[in-house]
Amino acid sequence: MNSLLAEIRHNRMLWLLVFVPITFIAKQLNHEAHTLLFILSVLAIVPLAALLSHATESVAAKTGDAAGGLLNATLGNLTELVIALTALRAGEYMLVKASIAGVIVTNTLFMLGMCFLLGGLKHHVQEFNRLSARTQAGLLFLATIALMLPSAIAGVDAIDTVAQAGYIRELSLGLAVVLIAAYALGMLFSLKTHRDLFASAAHGEEDGEAPLPIGVALATLAGVTVLVALTSEVFVESVQQAAEDFGMSQAFVGFIVVALVGGAAEMASAFSGARKNRLDLSVGIALGSASQIALFVAPVMVLLSYFIGPAPMDLQFWPGAVLMMFVATLAAAFITVGGRSAWFVGVLLLMVYLVFAMTLYLLPPKVA
Amino acid sequence: MNSLLAEIRHNRMLWLLVFVPITFIAKQLNHEAHTLLFILSVLAIVPLAALLSHATESVAAKTGDAAGGLLNATLGNLTELVIALTALRAGEYMLVKASIAGVIVTNTLFMLGMCFLLGGLKHHVQEFNRLSARTQAGLLFLATIALMLPSAIAGVDAIDTVAQAGYIRELSLGLAVVLIAAYALGMLFSLKTHRDLFASAAHGEEDGEAPLPIGVALATLAGVTVLVALTSEVFVESVQQAAEDFGMSQAFVGFIVVALVGGAAEMASAFSGARKNRLDLSVGIALGSASQIALFVAPVMVLLSYFIGPAPMDLQFWPGAVLMMFVATLAAAFITVGGRSAWFVGVLLLMVYLVFAMTLYLLPPKVA
Amino acid sequence: MNSLLAEIRHNRMLWLLVFVPITFIAKQLNHEAHTLLFILSVLAIVPLAALLSHATESVAAKTGDAAGGLLNATLGNLTELVIALTALRAGEYMLVKASIAGVIVTNTLFMLGMCFLLGGLKHHVQEFNRLSARTQAGLLFLATIALMLPSAIAGVDAIDTVAQAGYIRELSLGLAVVLIAAYALGMLFSLKTHRDLFASAAHGEEDGEAPLPIGVALATLAGVTVLVALTSEVFVESVQQAAEDFGMSQAFVGFIVVALVGGAAEMASAFSGARKNRLDLSVGIALGSASQIALFVAPVMVLLSYFIGPAPMDLQFWPGAVLMMFVATLAAAFITVGGRSAWFVGVLLLMVYLVFAMTLYLLPPKVA
């Protein structure tokens, strides 16, 4: 516990933790002040993400980079899981799907791009475990293909609408079962039969931060995750109204804002790994988290919609989202094939992300 | 001849050869018993495929893995060629095209996926000749692009229907000539000027099976090929009616069933190669056979349709088939780029194949 | 100056330089003789391109292959820049866009394919700097993605036409700014911070040609560039009418003819590099030039259209062109991933290009 307090004193960013109770108090006092609650909840999520990042790294130090990466991805995605669950219960399936697609695109373009840029500004050329990155990029590519196939088939075929709705629903259910089975086998593969493939190629110098003891780290992981969940709920409730006040389209909010804020925890870890020349950790977080969304979060939402949603949810995405997911995972696969990076590679990924964001921001309202 | 009989006694699967004469007799007795003939012909094709596989391996042992792979692909595709020719003469162009697309998708996803899975369950990590695999994957990718270009252009453009029909027919004819020329140059490349590129990287341990003498092997190849052809014809005649009885859509039959049964011979060889850690042979069969369908079988069908079909056949595919071919060859190219595989890579390829199969199985009847 | 005259005497192709003054005189005498002017201007551009190629190689000999490649790409694209500017001033935006898309496709399929074929016929297997090629292919892929995103989104979405026009125009303007920023950063990367990554892997034997002294080379570069510009203008004015006389569609002219003639200068350099086993130079020219069109020429045209065009130009391409650009850059990325080539790889790229050309040539007139 002392080591945790020392950590908070040491790291100025964690002083923002004061916004966590402020957010909850503000929510009690006036739950209609959407724009204020939106800003407060974002300010509260940032230090929680940083704390989560440090705790996860402490655990990762004991378990190896790849297992640590998986851990990060699993816990980092809790935020997205909570957001999606809240939206699912309210029947806002459009937001659920937009945030699923948005996380995949944001992780492969923005998170990976920023890692390459930040790491590249400090290190001339960075190397990472090519084999592990290829496996993860391949996994993500195939997972994304499977995820978007119903939408793509529905897009290219002229099936009449009534038959199509039933067809897409059946297909989405079958797809959800296949994706979850693949996810379970993937866990078996990366954690058990082929752990060795996920070992990291290069270890950067350690910085001054002492890792938390394993007990404190695990307790912090659990406690902070709960706080992230509670704060995320305030964020979800306020984000829609606040977006309108700021003049952002619904598609932009679901795709970009939810994905960026929801992924803050993982990004802090991934960027820190890149700056420490531990790009394996960064690539593992970015691609692993995106795969987990496609193989685990998305199908779980479909299955849960039969129990807690107002109606079954299918996996038919907006055609533009399908295109963006396809292009983003294709780009990630190309970029990671060589196992090396430099700052300009990051710039290019960020450029494509920026173009995607512009496209969504300018989108005429009717489509969103 | 003795060595062939010894082989049949040794290998229990070959006892199924008894279904070959049974199929022909059943056909003579009652050629309307479609479901029975369908099952009998499948049971007859399996041992023929196995025998063909052993004979091909015996020849391949003399000529190197890659030439053996080409041999396998050429002879293995005889089944598909016979099926396609039968359908072409009957004017069932939908079935011809579905089986062309189906073989490409089945080889790159199912056959390659099963090879990686079966080989990976026995060997921790398998290596294969990266250069040869990349060349073959690149060849297949470009061949598929060329094959599906007319459909893709027709899909994205709003040309009026009458002008389009003539346009697509002219384009298909020109395309057929280009594809066959590329196929001939490819033969020159892989068999003559650059044989060395197709040598294999790793040779597994030999199992107990003695290779057939070259004379017996060649005679077996010839004889069994004829039997496969005859049995395939029974299969083709019965498959449509049997499919309806089993409740399968036409698209599913052409795409999945014809490709799986038609490719049984090659699959037996490819799977056996993978289990013996000779993944070069397996990858060579899977990708080589798919390329041969795109570069040789497809254009030959177009050209022959002018002579033996009721009307000229074009190369315009159903949009969903175009998408599946594109994605499947893209996935194969990604997966083989590194020259290594493990069981989970196979699982992922099979997952995508399963999703494709589900998509086709659930397809509302009107589209099929 | 003497070395330049010696070069002209030495190289028979340069005797075609006589067509440069002939073109200008013919233009003065009868500026309506479109077909004659078209043929004369093509005959004049070829030797100018060759001279430009030799001068560029002389400078490249002093600066390293990659910087020479960039130099080549920059100067080679002057032709396309002039053509595009002429068309822009006349408000022929269709031709501007077709030539932008056409150069990307022609460089990645035809130029790269011919390099691999010509080099491969002389050398069994050629190696090139894999890392540099991957970086350039990745750059081109991401640049093309960004360039065609507005078209792709507009293609898949059912936005009503009035809202869409404004949306696409705003998006094109924003995109132009992002692309130019990425281009500037790319220059900084390849010429300053990471020059070392662009060093070449293999140097072929030098042939007999003596490089021009640096002063003469630079003066030749400048002077010949001006002549190319003047000749190109005659070419642009005559090409449309001549195309009709030859029965070619507008799409074919913009996409294929303009790109081939406009790229003649770079092609001479790239092919010569390939034959001398300096494939790094060739790949650098082909991919670098295509990237420069996407990241620099295209956005400059958009921005200039606000000043010198009759109306703002957007970046919405014909759907078939989007598909071709996507497929071509994807193919280039796959083909260059391994850092090796042989003649058949070139054949395959040329096959796809031929299929594209056929598709455009046969296109019914209304679409073009």
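Every chain is named by a letter (A, B and C) in the order it is written, and numbering of its residues begins at 1.
Note that in this section contacts are C-beta pairs under 8 Å (C-beta built on N, C-alpha and C of every residue); 3 or more make two chains touch, one makes a residue touch a chain.
Labels paired with UniProt names: A, B, C = Ca(2+)/H(+) antiporter.
Predicted, not measured: the structure shown is a model, and the values here were computed from it.
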Same or different contact residues where subunit C (Ca(2+)/H(+) antiporter) meets its copy subunit B (Ca(2+)/H(+) antiporter), judged by the half mark: different
C-alpha-based rotation, subunit A (Ca(2+)/H(+) antiporter) on subunit B (Ca(2+)/H(+) antiporter), 0 to 180 degrees, nearest 5: 120
Mean-CA-position distance for subunit C (Ca(2+)/H(+) antiporter) and subunit B (Ca(2+)/H(+) antiporter) (Å): 40
Junction residues of subunit B (Ca(2+)/H(+) antiporter), two or more chains touched: 330, 337
Subunit C (Ca(2+)/H(+) antiporter) partner contacts - residues on subunit B (Ca(2+)/H(+) antiporter) that touch it in the complex: 130-131, 134-135, 137-139, 141-143, 145-146, 149-150, 152-153, 156-160, 163-164, 167, 170-171, 174-175, 178-179, 181-182, 185-186, 189-190, 193-194, 197, 330, 333, 337
Subunit B (Ca(2+)/H(+) antiporter)-facing residues of subunit C (Ca(2+)/H(+) antiporter), complex: 124-125, 155, 319-320, 322-323, 327, 330-331, 334-335, 337-338, 340, 342-345, 347-349, 351-352, 354-356, 358-359, 362-364, 366-367
